[in-house]
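Given below, in the form of structure tokens, are the structures.
Next come two complexes, and both contain chain A; in the first it sits with chain B, in the second with chain C.
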Partner chain A sequence: MKDLTISATQSTPEVRTDSEQGILSMRGDSYPENTFELFGPVIQWVEDFLAGSARPLRLDLRLLYLNTSSVKVLMDILDMLEDAHQSGRDVSVAWFYDVRNERIAELAEEFKEDCSFPFDIVGEEP
Partner chain B sequence: MTADGGRARGARAGHAGLAELAGRIEGLLADPAHQGHPLREALADLWGYTNGQLARIERITHISDAYQAMAKEHEVSLGERFERQMRRLGKVARISDRYQEMMRELNTTLRDVSYRDPLTGLYNRRLVTERMREDAGRAVAAGRSYAIALIDIDHFKEVNDCYGHDLGDRVLVEFARVLTECVRDGELCARWGGEEFLLVLPGAAPGPARGVALRVQEKLRRQPLMAGSQPLWLTISVGIAQVRVGEHFSVALDRADQALYRAKQLGRDRICDEDEIFAA
Partner chain C sequence: MSLPDLYALREQLTRDGTMLCFNGPISRSLLEEIGHALKNYLEAEHARPAAASDVFAVYIEVTQNIRHYANQRGYGDHHAVATVVITRHSDGRYVVSAGNCVEPEDGRGLMARVRELAAMDKAQLKTVYKEQLRKPLDPGSSGAGLGLIDIARKSSEPISASLRETADGKAFFSLSVVI
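Here is the complex of A and B:
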């Protein structure tokens, strides 16, 4: 399975996947000009990973600012995880944030709201 | 189609009379006395046909009911999907709003930071020049004028040279504290650069500007600045000028600078007004 390595830019997050470990990590700001171009392959990777194996999937997030379409994409991905979880799959999210920016934790809580799988919001000291 | 089936269907259809009619007809058809009678054969055919029609009606009703149930189900699932999408949309909007709010607050914080001198916490040159530019039009309209005082710590270079820049920085922080204690509401106090500080006071010069400068001098005479454990007796030189109605701030600042230079020339530790620039 082909892994993704997308470097961060001013307006897009760093995205990395690890099919061996079953990890999708995203870090940084996200307000891309073309959301589909950036996240299309990410969604595809999640779909393929969930369909192609029975191994656990973990999302490692260190996201800061998200524009509206990025919020929607992230909710789509979380929905995919929720569906997988409902059919018995081991999925989880770990959302890390800088303790100096408590607002990020509040936003992560909003995302967590409808998720019944393990969703940890972890404060990190700078 | 059996006669039993026809009866049963008749009873299910709820026609109370049909069961009784079926009994009669089937009795007549079964009676050997009517065998061979032409009407018996016609009755048998008619009875068969009737039962066939009844069965058809039953089937049509059944299928029709199934369609209705399906349509109903579809409607419900559409409704549910619509509601789910609306909830989702609401959530996206809510989260997105919060991100925007976060950005706005961050911008405000950044703007505040960009207006402050990081060492002393006083306003910086950027804030003063922006505020004076913004205020220029209003000041002209209201016929308002300002006094400005440029304050320089005497021989500050020696503090840095003797004690090092770290201690020099601490002295600046201490001095900024003294300065802040001497200004009142509505008076602007900024670090202009290096060891130079600027006061902007509404109203005419030199009156209130001289008042603040005198208070600062008085404080420095009564108590040394503590730079760590090191007491330092410092003095200041001050140049005061008036920002005249309609005049550009930088023009008045030049005069304040010249007045400050004059104060230095005259031996430091003194306050000079712009009137004294060319005094002998």
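Here is the complex of A and C:
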């Protein structure tokens, strides 16, 4: 399976996938005008990974600011994880944030509310 | 031809506590560059991280809404003209204001939506936000509906807007958000 390595820009996060380990990691800000350009391949990777194996999938997030269209896309990705979880798949999210900015924790909390799989929100001291 | 009185302009901007002000066509890259500058200003003056996040978020949503609207209406990239003013007040609050030209009918629709959102409390805003998040995107829509709700959620006071019809048959819509 082809993995993704997308470098961060001012308005888009760094995205990496590791299909051996079953990890999708994203870090940084996400406020592109066209979310599909960036997230199209990410959604495709998640779809392929979930369909192509039975191995666990973990999202490793260090996202900072998300514009509303990025929020919508991330929600779609988490919905795919939720469906997989409902059919017995081992999926989880770990969202790391700098404890100085409570807004990121609040954002992560709102996503977590709609997920029934393990979702850790981990505050880190700078 | 009268030359601009920059000193008077500067005095006015300083008196109003203006951190940043912009008027003109706003391209995608300019939007990002101004956002980057805004982040740096907020950091330099040690704004609380939550306030800095909210100011930045509201700036991005309003300017992206203006660009999406111009695209949707087929105004073309050069006509995505925005007026953006961000001020800081002595009590530590920030005001993000943004305006753009719209079709009068769209402007009236926006005014009605702003009034609806301004009347909601935080819990109601969260509910409508989550509903909107779950709605499939209309083809041709840019998800701007979600942006306005998000802005209202980040505002510490009810959001306020005004609409002024202009001589060319259009209207100027402006929105102010207090953080």
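Here is the rule we go by: the second predicted complex is superposed on the first by the 126 of 126 C-alpha atoms of A that agree within 3 Å, B and C clash if a C-alpha of one lies under 4 Å from a C-alpha of the other, contacts with A are read in each partner's own complex, and residues count from 1 in each chain.
In this section, a contact is a pair of C-beta atoms (placed from the backbone, for glycine too) under 8 Å apart; a residue touches a chain by one contact, two chains touch by 3 or more.
Quick caveat: nothing in here was measured; it's all calculated off a predicted structure.
Asker: Judging by the criteria at the top, classify the pair chain B and chain C on chain A as clash or fit.
Answerer: clash
Asker: Scan A:Val42 for contacts with chain B and chain C and give back first, second, both or neither.
Answerer: Once the two structures are laid over each other on A, A:Val42 reaches no partner at all.
Asker: Let me test your reading of the model: by the given contact rule, A:Leu50 touches which partner, first (chain B), second (chain C), both or neither?
Answerer: Neither partner.
Asker: Is A:Arg103 touching the first partner chain B, the second partner chain C, both, or neither of them?
Answerer: both
Asker: Have a look at where A:Gln10 lands relative to chain B and chain C in the superposition and call it first, second, both or neither.
Answerer: The second partner, chain C, only.
Asker: Counting only touches as set out at the top, which of chain B and chain C does A:Leu63 meet: first, second, both, neither?
Answerer: A:Leu63 sits against neither chain B nor chain C.
Asker: Going by the contact rule set out at the top, does A:Lys72 touch chain B (first), chain C (second), both, or neither?
Answerer: Both chain B and chain C are touched by A:Lys72.
Asker: Could you tell me if A:Phe111 is touching chain B, chain C, both of them or neither one (first, second, both, neither)?
Answerer: After superposing on A, A:Phe111 lies in contact with chain B but is clear of chain C.
Asker: Pick the chain C stretch that clashes with chain B in the superposition, from 112-120, 130-138 or 166-174.
Answerer: Residues of chain C that clash with chain B lie in 130-138.
Asker: Hey, what residues of chain A end up touching chain B and chain C alike?
Answerer: Chain A residues touching both partners: 65, 67-68, 71-72, 75, 103-104, 110, 114.
Asker: Give the list of chain A residues in touch with chain C in this complex.
Answerer: Where chain A meets chain C, its residues are 10-11, 31, 33, 65, 67-69, 71-72, 75, 100-104, 110, 114.
Asker: Once bound in the complex, which stretches of chain A touch chain B?
Answerer: 65-68, 71-72, 75, 103-104, 106-107, 110-111, 113-114
Asker: Inside the complex, what are the residues of chain B that reach chain A?
Answerer: Residue positions touching the partner: 88, 91-96, 98-99, 102-103, 105.
Asker: So in the complex, which bits of chain C are touching chain A?
Answerer: Touching chain A from chain C are residues 28, 31-32, 35-36, 49-50, 53-54, 56-57, 60-61, 64, 67-68, 130, 133, 137, 142-143, 146-147, 150.
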